[in-house]
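Chain lettering (A, B, C, D, E and F) follows the sequence in which the chains are written, and residue indices restart at 1 in each chain.
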């Protein structure tokens, strides 16, 4: 018997990838055979890292996770999910404030494509307060963020953000 | 290739089953081959329907959904998930107030069994405000609840709750 | 030209009436000619005061407000609104936690009667944290609640709740 | 007998008008004789449409609703309400996240003018997750937003936002 | 120079004491010389443990913390704080749902005694989702709660709650 | 006996200082001997007032409060707390929306320095909805903000914000 679903898409900004994101990927891999981590083009949010930089960081960070591919996409997330012949979209839910925005976005996405289902997963408790935004703020203030992101990401953050 | 996961458990009170619950079951069936809808023994909450009544209603309501089985369980939900050789626990998230409680319960469950993953799914928007509690209150006040629950459930609710 | 709406219903438990409720009535009277304050029969919530006692307290407390009538009702609030030939139902919104429950209830009510519109009003800031429940708890612990409810209500609360 | 209130003001950004806004206008018209939909000057938010464009869209969208006038205003909303000899300010409440901000703004407004009362109304459930912001994001990504806004607005959004 | 404040009261139900409560006590001890942990009489909440049992458990659990005394009180918490010649009341804030209730209670307390100040402290992240209620539910279902409460408390919970 | 803690740091943007901030300072002074009000350098938020301007306003506004010093800091707040040989960081909690962000920030801060404890205090109810952001918006629209901020701050706000 073939699995009903073997592929899921995990879209996001990943600016930069955190241990929270990686935790979600690892959890999703226990349920689905293949996870496509997809970096959104969102220049209007003034990301710190370019799309190719974010893709590269994700590839490095997921190198040892079998079943993960990293990609980027432009346009609606649901359109990308369809294009990859998947119909599951994964989102991590943190303890703070995510929920209402995520709910609204998932309902909007469903309006665009009723066949794509959003699944919400919960990161490990220790990462449930991690926010890329706070991490960037802390790094800019010379805070040591190596307990929030992989070491090579921490280094890149410092290079980009610390005013010398 | 075997599916990584083909079975998921959807535990709850189902006192009584609503169109919102049935919507979640249908959505979950598009992802998993088998859904076990599991009625919790929760006498301390003074349910309106007994466990056998709730199991019976669910069986009737899911009769035409291939891949659904209905069961009941005592003890921790995660222990039941394990016993059924599954490792996915499904919960529906409504627009109101569920999230914090669900998050807390999912973290507690994870503490009891790290291998069981909770997946949150979102019912159709028209059901995102449905609450078994409000439905019971309305039925007790002679409100017509047939747009919230299947007709035979509405009838049973009236029999149980309307003071004659 | 006749007013489109001249009558509104303000349903609730009023167990007991607080300065927050009275503030909402006064505000509603500036918009509508007639406000019917309607006490719900809700024995399942084990109210401290009986329906006749609550009606009596409301009558006393609104005695000098022209345009207010006090009544009680059994059944759905929207059915009562219709029966009184009104189509506006007023609810006060406090700063804490009310909103999601009120939203859910208003949507449920709309399902029962699409012609009845719920209007939410905001009490004065000093009353935006008042809760009948906390007031009852405080009175039972011999707290002086006379800044939250009219003096005669404070007295009745003490009579009912303080263990002698 | 003259109506106590026959005129209410519904201020907002309307960048652009959505079916949710129009639903609120229609509901308000069942209670008040005259609704003034008032577009706020808010250049600091970098609106997609100019004030005259937003006024024009609202006029077109409310053309068949008797009792609606469309205007724009600079300065405080409560000052505008007064200037129009009204004392009711209408705000729509969506299911997500609006409430706290709306509550805070309504209390601030009350500080500026105690005579102006804010009434909160609830859009139809199908519009309770609509957000002008998400609609603009979706349109920019070539999403079809015609189930969220009138067709002519969808067309204008595409003209403004889609990078050719 | 004498300290401005050397004594703080930490009131609560403690039914039963959890690692989260003990974490708050330890943190408070770094700021204040003396912490009085005060068990509220709240029979109306049908606690699992009696007041003397809860006092005993707290004494045992804080035995090695210098500066802690355990007591119980009837009546308003602020009245008790005053009676102990303190003017600081400590409350722990968890990640979920506590805040609005705590805010409301603190404002109510301030109404009763303007001199008593409520300080909110945050437990360690690993305890930020602990809830005495969920722990009791889990223990009743034979869940192993020894990562949430001290071993002797887990044992007592099992004795009280597990239906044999 | 020496006080355990006699110094606390109250960091923030203070753009500009409001009566809510001053209320927190006064409350904190009843518990600690010395409060350092510390203005954060946060150019990325495009503050209306420069750091020296904000420091000056705070000095003027706290002139008659014994035990208050005003300073500014660059970098992480917890690093500044340490540098001042304090280990308590004070934050005010308003009724709206603050909590989740504050909780997240406090947990992040704790990650950077486990010895610094965040204490949350509650402003007087009349200030619990004050927001520097809303005050700036109102001042820009020529609203009279003198019930929210000291008169000299209101005057400076008008000078900076009103388009002449």
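What we mean here is this: a contact is a pair of C-beta atoms (placed from the backbone, for glycine too) under 8 Å apart; a residue touches a chain by one contact, two chains touch by 3 or more.
No experiment lies behind these values; they were computed from the predicted model shown.
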Query raised in the report: What is the minimum number of touch steps required to go from chain B to chain F?
Result: 2
Query raised in the report: Can you list every chain in contact with both chain B and chain E?
Result: A, C
Requested in this report: Could you check if the interface between copies chain A and chain F is built from the same residues on both sides, meaning over half shared, or from different ones?
Outcome: different
Requested in this report: With centres defined as the mean of C-alpha atoms, identify the chain lying farthest from chain E.
Outcome: D
Report summary line: Matching B-E in over half of the residue-numbered contact pairs, the equivalent interface among C-D, A-F or E-F is A-F
Requested in this report: Write down the chain pair with more C-beta contact pairs when B-D is set against D-F.
Outcome: D-F
**Report entry** Whole-Å gap between the CA centroids of chain A and chain C
**Finding:** 47
Report summary line: Cα centroid separation, chain C vs chain E, in Å, comes to 34
Query raised in the report: In whole angstrom, how far does the Cα centroid of chain B sit from the Cα centroid of chain C?
Result: 34
Report summary line: By the touch definition above, chain F meets two or more other chains at residues 95-96, 103, 107, 125, 128-129
**Report entry** Complete list of chain pairs which touch one another
**Finding:** A-B, A-D, A-E, A-F, B-C, B-D, B-E, C-D, C-E, C-F, D-F, E-F
Report summary line: Residue positions on chain A within touch of chain E in the complex are 95-96, 125-126, 128-129
Report task. Going by the contact rule at the top, pick out the chain E residues touching chain C in the complex. Result -> 44, 74-76, 79, 100-101, 103-105, 107-108, 111-112
Query raised in the report: Which bits of chain A are touching chain B when the two form their complex?
Result: 1-6, 27, 30-33, 87-88, 93, 95, 99, 103, 106-107, 110, 117-122, 125, 128
Report summary line: The answer for chain F against chain D in the complex is residues 95-97, 129, 131, 134, 138, 140-144, 147-148
